[in-house]
Structures are given as structure tokens and as C-alpha cells.
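Dropping the structure in here first, questions after.
All chains are identified by letter, namely A, B, C, D, E and F, in their written order; residue positions are counted from 1 within each chain.
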Amino acid sequence: MKLIMAIIKPFKLDDVREALTPLGVQGLTVSEVKGFGRQKGQTEIYRGAEYHVSFLPKIKIEVVVPADLADQVIEAIAKSAHTGKIGDGKIFVLDIERAMRIRTGEVDSEAL
Amino acid sequence: MKLIMAIIKPFKLDDVREALTPLGVQGLTVSEVKGFGRQKGQTEIYRGAEYHVSFLPKIKIEVVVPADLADQVIEAIAKSAHTGKIGDGKIFVLDIERAMRIRTGEVDSEAL
Amino acid sequence: MKLIMAIIKPFKLDDVREALTPLGVQGLTVSEVKGFGRQKGQTEIYRGAEYHVSFLPKIKIEVVVPADLADQVIEAIAKSAHTGKIGDGKIFVLDIERAMRIRTGEVDSEAL
Amino acid sequence: MMRPRLGWGVGALLPALLMAMPAFAADDGPPKIDTGDTAWMLTSTALVLLMTVPGLALFYAGMVRKKNVLATLMQSFVITCLVTIVWAVAGYSLAFTNGNAYLGDMSRFMLHGIADHIAKGVDTGFILGAGTDGAAPQTVPETVYMMFQMTFAIITPALITGAFADRMKFSALVIFMTLWSLVVYSPIAHWVWAPTGWIAGLGVLDFAGGTVVHINAGIAGLVCALVLGKRVGYGSDNMAPFNLSYAVIGASLLWVGWFGFNAGSAVGANGRAGMAMAVTQIATAAAALGWMFAEWMTKGKPSVLGLISGAVAGLVAITPASGYVLPGSSIIIGVAAGVICFWTATSLKHMLGYDDSLDVFGVHCVGGIVGALLTGVFSYGPLSATDASPDGSPGGLDQLKIQAIGVATTLVYSGVMSFVLLMITKALVGLRVGEEEEREGLDLVLHGEQIF
Amino acid sequence: MMRPRLGWGVGALLPALLMAMPAFAADDGPPKIDTGDTAWMLTSTALVLLMTVPGLALFYAGMVRKKNVLATLMQSFVITCLVTIVWAVAGYSLAFTNGNAYLGDMSRFMLHGIADHIAKGVDTGFILGAGTDGAAPQTVPETVYMMFQMTFAIITPALITGAFADRMKFSALVIFMTLWSLVVYSPIAHWVWAPTGWIAGLGVLDFAGGTVVHINAGIAGLVCALVLGKRVGYGSDNMAPFNLSYAVIGASLLWVGWFGFNAGSAVGANGRAGMAMAVTQIATAAAALGWMFAEWMTKGKPSVLGLISGAVAGLVAITPASGYVLPGSSIIIGVAAGVICFWTATSLKHMLGYDDSLDVFGVHCVGGIVGALLTGVFSYGPLSATDASPDGSPGGLDQLKIQAIGVATTLVYSGVMSFVLLMITKALVGLRVGEEEEREGLDLVLHGEQIF
Amino acid sequence: MMRPRLGWGVGALLPALLMAMPAFAADDGPPKIDTGDTAWMLTSTALVLLMTVPGLALFYAGMVRKKNVLATLMQSFVITCLVTIVWAVAGYSLAFTNGNAYLGDMSRFMLHGIADHIAKGVDTGFILGAGTDGAAPQTVPETVYMMFQMTFAIITPALITGAFADRMKFSALVIFMTLWSLVVYSPIAHWVWAPTGWIAGLGVLDFAGGTVVHINAGIAGLVCALVLGKRVGYGSDNMAPFNLSYAVIGASLLWVGWFGFNAGSAVGANGRAGMAMAVTQIATAAAALGWMFAEWMTKGKPSVLGLISGAVAGLVAITPASGYVLPGSSIIIGVAAGVICFWTATSLKHMLGYDDSLDVFGVHCVGGIVGALLTGVFSYGPLSATDASPDGSPGGLDQLKIQAIGVATTLVYSGVMSFVLLMITKALVGLRVGEEEEREGLDLVLHGEQIF
């Protein structure tokens, strides 16, 4: 099993989720994160005090899938999250050793 | 060392933490996440505009433990986070290559 | 490639980011998390109801770097996040199998 | 509101000017309205509405968990709407028409007749208890008097909601509060504030609603908390308030609005209103500091929740006393309320083990009792003196006993009837949401909405 | 404001006392001010300002997404500032001086002459339409009258902002609103409320601004929504409100402040003000419950957004009626407004497919029309009767027709002129932010700020 | 408040009616109260309390970081409580009894004697400076006068808290503010506003507190900022405001409440109050726009924080002038305040390098000075004219010099005494929390609470 971790632009979340459903992905977990990268943010000025917004709001998607599905999932994310503008984000792949569904105790690919 | 990553129902957090302490787990990190899965959310209606709440609030626990403790930890989480109702969540296990405690510079199992 | 995941004290974030730039790290992702560990929190009292704040605010940094940069990055984080007081946090290292930049489709070390 | 038995209202409330022109006062027709008094009562009405929405709504919403914030706001808001209609249809008539000693009549059903004196856009003053011995002519139109009283009828049931926060069904709330307003609030208001009311007849002093509003709501809240039972997770889960800054805004608006509540109860812009405002301010500050220092000494830190809770306790306690006491006494009333309510809300509640979520009993009932009794001790004669009763109602052991009767009656009647109405509501729609629903939060489950 | 054609204002607004001293009333000099009336109008001015900042600002900000909260607050606030200056410089003069039937003159340019009657710190009462047949002496100084009217001039354009929330350029807003205030608001206010205005001359009843404020802003909002187009992501993205608790605070402050709006429009602390306050309260509650139960039945849950939207719809609908109708009619007006606006905002809007972000048209225009027409049905004579017109303006088919003319005129003039001004603004600076900017949010893009 | 030296108060404040009945005015007894004036002063008192809680509390809390929000709210709230007691016990007596030119006496210790004129619930008007040449009879009871003044005594120290936000110990705040109220506020209020005060004797014009409130608080804030030192991380850490929407609500409530502050300082519902309200509104709008456009031009974007800061600067600057100037002048005062305070808060502060967290000096002290001096330029005679002084106090070089003396005196006295009191406080309990505690945030460390 693989954990696909994708950092994307927030407004792309629904597109990504919809792109994954047809692949049989039944679950995923998202978090609000702040990203630092090539994309530069705005400057905020509060009565003369200037703060550069170097961290921009991003969404992190974590989805665990059977190893053989990984390629398709990566491709689907890459396509649906793409705008072509700087700051589109990254996809990382990690290996997952074990998985378990808490409700049933099922393990590994049964658990996804 | 293993990173145990568990997605659980928010109100189970204290139970899980209490279940881990007896095992010698001295630290863990939690984040608020939104989960998409088999469990279905409510529909929100704002003056005629309907939004389905497909993402439900979950808690992600990340705890790094020596490899030999992993089984016990997984079991403890699975038990304490269990309600038997849909949406109970998942437990994933990843391999950790190195660990370091910032305060002391101790590494690996010393650092946990 | 390695994923360096560091849990640090919130006010150290800017220091850490500045310590990484000279090493050529061009991107990273941070999340607000709550940490449970040796460091003990305050007690909150609301009209007689006492709640111990066992979870303290921490920042989680996730940065993916080429394997050969990992040592330097770990050291830089360890140094810049260090206060010597309890609760300084942890650094964990995981292996990353693949990486992709969504904007361009570049993969692996090109993508970082 | 004034205590009409003695009929001092006439002298106190007609403007000084009219007293200098006896030809006017001797008129048999309805009194003329005074624009200054009317201006103050219109303002007071707005201030007391401000107390409920958004004041009380925010005070309570700031103390619950995130998942119940909107539902809590909604409770105060919907009660404002429901009671407005109930009051216009029957509540006002039951409370403030002559009727008998126990209940008004239906002569103002649907506010019938309230426009009778309007001619060419001009209205006359209202005579409370017209035709009875205790007739108390006012210098404001009846519409204004009715509206001012309506805002009291609104806030009283809204106060109760703090006791069962986080767990009552919305349909149950709608039914229970509608019934409660008619069956509990209107009768008690009649007893205490109508010239024909039997408690008014005993000489009980309740200037702005220590018994009618606070003890009444507080004991009803306790009954609700006991009947509904504890919140799921009470004692184990973290139930820390989501956002106390809302509670601070709420408490602040309660304080500001309370000037309308207490000084407005003089039904005019007169000396009594001025003194009521002064003692309200002083008692509130004293109670807030009392609670704060008590907490600081016993728990180690002064909390903002403690400070604002103390302020509300002080506002409650000075309410029955506000038109009767002088500044010195108000400090004592304030400190007593602050320290005693601190103890009730932080210690007694745990000793007795009920889950009155936001301390409606601990603050409003207990604070109201402290105030009602101390009014009997500190009442200053000249503030309530009239030509007919040149000594007014000075404090003393006799008055204290009378006050205790008022307190006890309210506790018993409101407690018992609240229980009965809860049982009726339970039979109709049930009282409490399911455990799963309670965990998920009322915002989403009951109203299909949530905040960020 | 009163309907000056009949000149009843004189009788209604001079205090009762003066009427008892005919020597005063017969004076040719300017009327004396009445301190009670003045106190109430000073208070009402504060209350109506409270409606816009922070009331309306919060009501709207609570309904947008997080990234636009500050920008939305800023819109109401900057309009408050802009219109204050516009009104002082020319708007007041164009609206409330005699001029001709279509526009005032510039005799109060820069408020020139407003201090003419001040001597030794004392001012005289203001005569609206002095020297004309419809001259209506007031018992408050002109400064107070001007200020009270200013708060109406402020809130009207601020209401429009809800229609184009999340997408208008700030520079465009500044230009459009400045022009709109002068070109649309002042003329319509003159037509309806100046004694010389042509709509006033027809006998249209608009006590506190159903047409001048709500229909006017509502139709302008619809035009804005159509011209600017839909929000990016409308229909697909989740546009759930960031924090409805702000909207609840806002709606509550609107309600409280509306007492100044409606009861203040009696320009005095009199019987009419009392009745206006009463019917305002009752209609609001009825509308809120009407919307709530309609939603509960059709959508399955009563929402807090529905409840407060209904309250605002009720406040809007009772506005033109408030000094003319009795409590019973106000319940009907309220229920009608609640149910009809519920249908407009939740169904009609989707059927027609425009994106009026916060339902300015659905609530203010439609609610205003409901109220304006029903005023023609339910108007109760004695509230508007005078010596000159002992029957007042009772409701009926004739009055209904007159009301319809007022509604139609406002719809056409405001709709057309709003469109023209939008085109001018577009030519000058463009109307809408870019798509990227809209996605990122106005807070950061336009103002360089964000909330947590 | 009026300037009693000239004794014009008598003419201005007795209602017109009484002037028409000389028999009354000639009476030697205390003046009668006027219900309209009293209604307005009761309302004004509520409005000014609203300015501090929740107004100022929110304005400040919205500008700090999340970890200090509750602590910041608590500061304004606890000062409200502390000063209420201090004022009732001794502050009012020291400020407003005759005493000598430098300090009142203790004849109103514990408000002793304030109820002396109450008989049968009715009170008489209050004579400020009774028995002196400058005796100024009022048409409101002394309780009301005392309460109105109390709200000024409350907000002044609360304003200071913005300067040391995020870093002062709570115990230090409690001690410092209690002392400051007695040692700094009461004397300066006596000098400027008591008929016997020496600054009043010079003819300094300060209608509603430009010197007594704003310059006074502003310079004390600067001293606090300098003595406590900069916040940990100042200049490097991101100290962006947590939630500016709170600040917008706060600024809005300050604006609305300021009508009580300025128009209330006429101590009656009269022409002067009306003009004070009008110029307050206009100057505020002008200043807000002034700051906004200055920022837009120099920084590229108009920010909501800039807009509301400008509004507050305008409110501050018009405060001393509000009962003395006409609308045209108020625009100039407003624009000057907006632009100058923008420069102080955004440029001068960085040039000088002090850390006045929320710009108490830059907005209140500088804005107060602008207003105090321009009052000397623009004062319009007829607004302050009396029988005794038919020209009033027109602006001019002479008056400007007198104003400068008032400003300088306040700067020196308040600056020096604030420093001394800080040193005393430091010796007693220390001033500042530890660095670790400051990092963790005052909410948790000092009060054991936090918001979400």
C-alpha cells in the first residue's frame, strides 16, 4: 500500500475528490496547511507594520491506496489539481506497511 | 521505529491517549483533519443553497514508537477508538528511519 | 528523497525557515498541531470546571529533500528550533519513494 | 417597576411641572404623556431588547462548545419572536389588566383597545390598574408600557436556556417556552406588579424583577437541568467554552442594557431612575470584583469568565433593589452577590451534582434571592415615599419577612409549574436529542448549519 | 417620517403641553424645541447609525466566506463615511429643502445656514418645508433632523452591497456609492418626504422608508447583481457562510436599531412613536416565525439563517406601515413578509438564476413591496388624522392604488439610474476584480489584510 | 462638558419653557429637573459605557494576537469595575466638588449626600459648583451627572491599556489604574471641568474631553510603552492582528457611543447637543476618509484597519471642539486628524522606535492635541454665548494660546505622574510578565483561559 500525500490549492479540493471516486478510492483525509514555496504571497500592512505572507493556505490530501492503484491516483490528482500557475503543489508517495479499519478490525487492503 | 498514524473520531481522543500511556508512550502529536469516507455527513442549507458536508471532522494522531511496541500500540488504539459505528477511522503504519529530540540531540529510540 | 517531519515550538517557525533557505530548500509545508509530551500545560478553570491542557500548540514542518541533503537539513532544524527547554520537539525522517510537481509534471528531485 | 400598592406612582411619575399646576393633576381624564419620560421608556425598551438579542444570546453562545454556538444563539432569538407574539396575543393581558389577585383578564386580548385613546396621532398616558384603588397613572402611552414589559417577558424564558444548553430539542423548546410564558411568567408578573396582584398587596418590593425575572428563571432552569439530566460526557470530556470573547461582548451588552431594565423601571426620566442607574453600576462593579478576588484567592488566577459572571450576578442582585436603595448599600449587595454566586457556581453545584450548564440557577436564582432579601434590609424610605405613605417602605425585619414570602412563593410556583410543563412537553415531542446527535452538535443536527 | 401633505405634523408633534397653551402655538416665529422629543431623536439617530455599523456590516460579513469578511465589513463602514460627507455637502440640501417637486435646492449646500437660529447655545425647532403650504414645524433643531435623515441616507446604499458581495472592486464601490447617493437617494427622498415632493403630493404613505430605503436599495441591488454577474464558482463551490454568529449579532442590532428607524420616524416621543415601536416588534417576530416554519416544513429543519432572515424581512415590511397600522394588522404584514421573502430568496432566485449574493432583492425589495402595498390596505385613520384631515389616511382600494404608484416609480427610477451609474463606474475604473483575485479573496487582494 | 467659567450653562441648559416662566428661574431653590434632558443624559451614560465595554475592549482585542485576546478584553472590563468603585468612593468628590483650584474636597466621599434632595421619589436638579461664582445649575439630578461623568472616568484609563498590550502583569494593571484614576484623572477633570478649576479659569475650551480624556490617556500610554519596553519579538515576529472584525465592531460601537460622549456633554437635549452630534459625525467621516486616502496613496491599498483608525482619530479630535464648532470646521478638523494621526502611527512611531502596541499615543494624544488646538481656531461664538458673555468664546490667536496651555499642562502633569505611579507599581508587584509567559500569551498565563 502507498500513502499518496498531495499539497494542492484549496479551491481544487472538490475537483480532486471527484477525480478519485471513479478510481475506487473510498476514503481520504484532508488537512488545512500553510505552504512555503516559489509562489510568493501578499504583503499585509497593519498601521505601518509590514508582514510578508510567506505561508500560503494549501490543502494536504492523504490517501492510502493499494500499490497497484498508486499510478492512477497520482495521475488523477496531478490532472485535477493542475492550473498551470505557480503554487499548484506537490505529490509525494510513501510506503505504508500496515493498515487497519478500526470499526471492523479488517487489515491492509481490506481496510482502505 | 514506526510511525503509527490513526484517524479517529474527535471525541475518542482522550480515551486513546489514556490507553497509550500504560504502554509507555510518552509523546504524540494530533491534528484536526477532515475525513471523507463511507460515513456520510449532513446537508447544510443556507437560504436555498444546499451544501453536502462530505468532509467530517476527524482527529489524526501521529505517534512514533519503537518497532517492537507497534503491535501493542495499534491494538490499544483500535480498542479505545472503537465504537462499532461507521466512521471509526483507520490506522496506518509507516517506517521511520531516524528520530531526534531537538532539546537534547538524542537520537532514535532515545528520542521518543 | 527523504521527508523530514519536525514538531517544533510555534514561535520558532520563522527561525527554522530562515535556517533552511541557505541549504537550498525551496519549499516546505507547515501545519498547526497539538502536542502531548513531557512538557506539561496549564490548567484552565471555567467556573469550577477544571480542564488540564495536556495538548500544547506545536508546529509541524514537513519538508521533502534529496537524500543527500537530509543530514544538513536535520542539523539546521535541530539548531534553529533549539531553546533547551522541555517541549522543543522532535525530528523524524521517512523515506519518500516518488515526488511530482503538479504544475510541470516534473518528478523526484526535480520536483522539490 | 414601582410597587403600586401605595399608590406613590402618581406623585413620583407625573413630572414636576404638572405638580406645580394642580389644575392638571386634578383632572379626571387620562394623564397627559410626558415626552421626556416617553423618550426614556422608548430608549429603555430598546436597551432591554438589546439584553436578549444579541446580549444574552452571545453571553450563552460564548460559553458552549463550537458545535452548539448557533443553536444557542437561535434559542434566545426564537424566544424573542415567540414571546413577542404570545405577549401581544394574551400574555400582556393576563399580566397587566385588573382581573383578580391571581390573574389579569382578557380585556387586552390581541392588544384589543390599546389604541382607544389615539386621536390625531396623539395618545394619552396609561393608567395601570385604572378603576382600582391602586390605580397608577403613567406619563407614557400604553403602547410604550406594553412594549417595555414585553422585553421583560422575553428575557425571562431566554435566561432559562442556559440551564439545558447543548441538549434540548428545538421543538421541545418552542413548546415549553410558549407554555411557560403564559402559565408561569404572566401570572407571577401579575401577582407582583399589577396593582391588583396579591403579592403586590403584601407589600413585597421588587423594583425591576428580582423575583419575577431572575428567581423565576433561575429555579425553572434548575428544574430543567434536573429533568433533562447531565450532558453526555459531563465530568470527563473537555467542555471548555469555545470562544469567551463572545461571552464578554454578551456580558457587556447585558450591563449596558440593564440600565434600561433597572432605570427604565422607574417608568420615567426622574430622580428615581437616576438613583437606580447609579446603584446598578456600583453593585455590578462590586460583584464583579468580589467574584474576581474570591476566585483569585481560591483558584490562583482571576479569570475573565469569573469577572463577567460576577458582573451578571451583581446586575441580578441589584435588580429588585435598584429603585429602593442608596449607593452605600449597593456596594454591600454587590459584594454579597459576587461572593455567594461564586461559591454556588463553583462549589455548591459540584457538591449537589446537577449539570446546570451555564449556571442559571447559581447566578440568577441565587443572585436574585440575595438581592430580594437585601432589598428588605436596605430599602431607603424617601425613594418610595408618597403623599399617602410619607415614610415609604424602609428596610427592616418586617420588610425582610415580606420579601422572604415573595421569594418562597416564586420558588414553589415556578419550580412546580416548570416541572409540569416539562412533562407535558416530553409527552408531546420528547425533551432531549439523542446521544449521537448531542455528540455531533446541535448546530448541524437541529439546524443544518455550522460555523467555520 | 410623517406624510407632510396633510400637515398633520403640527398637531401631532408639538407636545401636548403647548397645545394647552395656545398662545405659544399661534406664534409666528419658529417653534420651540421639546427636550423629550429631541432626546428621543438624538437617541434614534444613534440607533440608526448602529444599524449600519456594526449591525448591517456584521449581518453581511457573517454570510460571506472567510476570505471576504473584512472587505464586507469595510464596505458598510466606508459607505458610512462617504455618505456622511456627501449628505453634509449636498445630499441633505437636495432632499429636504423646498426646491421643486422633483429636487430640493442648494440652500443648505455645505449645511450653510443650519446654525442660523442658534443663539446663546439654544436652538429653535425646525420647520420642514417652511414657507410652503405643507410646512411642518418640528420640535427638534434642524441639526437633529438633518442627522436623523443622514443615518437613513447611509444605510440605504450600504444595503445594496449585499447583492454584489465577494466581487466588486473597492474603487468602483467608492465611486458608485457616492454618485448613487446624490443621483438616486436624494431625489427619491425628496419626492416622498419633502412637503413639496411630487410623490408626497399623491398621498403615498411611507412612514419610515419602505420605498425610499428598501425598495430603492433592493432594486439597485438586483441591477448590480445582474450587471456584475455571478460569483466565480457559483453553483459548484461551497459558499457556506463563514460565521453565522456574526450574522445573528448583526440581525439583532438591526432589530434593536430599527426602533430608532421606525419609532424615530415619528420625530418625537409621542403616541405614534409608541405604536410604531409596538407594530415593528410584532411584525418582526411574526415574519421571523413565518420564515422559520415555512423552512421547517419545506426543508426539514429550521435554520438560524432563516430565522434572522425572516426577522429582517419583517422589519423591512413594517417600515412603511409602522406609523399607520395597529398591532393586529402588523401580524398579517409580518407573516406575509416572512413567507413571501422565504419563497423569493430560496426558490424564485434559483428559478430566475441571478446571483444576488445576500438576497438584497429577495428580502429588501420584495419585503418593501409587501409592506408598501399592505400599508395601503391596513392604514388606520386616527393614527394619521389631523385637524385639517380628521379622517387621516385610512387603508382601502384607493390608497392601495396610490401605494402601487409609489412602488412602481421607485422601481423604475432606481433600477434605471443604478444601471446608468454602474456603466459610468465601469467606464471609469471597471466594476469587478479579476478571477484570480476573487478566488484569493478581497480581504488580501484589495485591503492587504486577513482575519485568522 | 460645558465651560463653566462664563456661567453660560444656566441659560443654555434650563429648558426653553422655564425661561418663558421667569418666576421659576428666579427661584433660589435648586432647579427642577427636565425629563427630556434627563432622558438624554441617562441614554448618554449608557452610550458612553457601551464605548468601553464592549466597544474599546473589542477595538483593542481585535488588534492583538490570538493568545492575548481574552486578557485584552479583561483589561477594559476590570477597569470599568475598578473605576466605578474608585469614582463612587472618592474620585467623583475629588473632581466635581468645589474644593480649591487644584482639587475637589471630600464632601461627596462615598457619594455621601447625593440623595439629600430626594423626597417622595423625586429629585431636584444638580448645581455644579453650588455657592461659587461659577455655579452652573443643571436640569438633571446629581446621580445622573455623577454617572455620566463616571463613564468618562472609566474610559480614560481603559484607553491607556492599548499602549502596553500583550505584556503587563494583571496585578500591576489593577494597582496602577486604581492609583492613576485618583492621582491623575480626578485632578485634571477638576482643573478643566469644575467651575473652581484653575484651567477652567483660564478659559480653556474642552467640550467633551480632548485634554482630560484623550491627551491625558495618550501621554500616559506613551510613558507606559517606554517604561515597559517593547514586546518580545517586536520587529521580527509576525504580530498581525488576530481578528480585525472585532476591531471593526469595536470602532463602530465607539462611534455610536461617542454620540453620548460628545452630544451628552451638552448635559441636555438641546441645540448644542444637536450641533455636537452633527460635527462629531462629519469630523469622524472626514478623518476616516483622510486616513484611508493617505494610506491608499502611500501604501497602495486602503485597509480596514486604516479606515477605522482614522474614524477613531476623528472622534478624538472633534471631542474638545464638538460643542463649539460648526460643520464646515469639523471637516477641516477631521481631515487634519486623519492625515496627521496616519503619519504618527505609521511613520513617526518607527522613526522614534517606541512600541506603543495599539497606537494610543499616535491616535489619542496626537488626535487630542490636533482637536484641542483647532478648537481654539474654529470656535463659533453663538454656540457658547450667554447673557453674561454675549460673544461666547470665538476662536482666534488668543484662544489658541489658551488652548496650548491646557495641552501642555496635561502633557506634563499626566506624563510625570504616570511615570511615578508606574515606578510605585513596579516596586510593589513588578510591571511585566516574564519572557516565557509573554510568548505563551497572557490569556493562559494570567487568566487560565483561552479562546479556540
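Here are a few things to note about the model shown:
Here is the rule we use: a contact is a pair of C-beta atoms (placed from the backbone, for glycine too) under 8 Å apart; a residue touches a chain by one contact, two chains touch by 3 or more.
On a predicted model such as this, the values are computed, not experimentally measured, just so you know.
The chains that touch chain D as well as chain F are C, E. Centre-to-centre spacing of chain A and chain D amounts to 53 Å, using the average Cα coordinate of each chain. Chain A and chain B have CA centres that are 18 Å apart. Our note on geometry: chain B versus chain D, Cα centroid distance of 48 Å, whole angstroms. Multi-chain contact residues of chain F, defined as those touching 2 or more other chains: 17, 34-37, 39-40, 43, 238, 249, 269, 299, 301, 303, 305, 448-449. Of all residues in chain B, those touching 2 or more other chains are 31, 44-46, 85, 94-95, listed in ascending order.
Contacting chain pairs in the structure are A-B, A-C, A-E, A-F, B-C, B-D, B-E, C-D, C-F, D-E, D-F, E-F. On chain F, the positions that touch chain C within their shared complex are 233, 236-238, 436, 439, 444-445, 448-450. Of all residues in chain A, those touching chain C in their complex are 2, 6-8, 31-38, 54-55, 58, 60, 74, 77-78, 81-95.
Every residue of chain B that touches chain E in the complex is listed here, in rising order: 44-49, 51. On chain F, the positions that touch chain A within their shared complex are 63, 238-241, 299, 301, 303, 305-306, 309, 345-347, 349-350, 359. Residue ranges on chain B touching chain D, taken from their complex, read 11, 14, 42-46, 53, 85.
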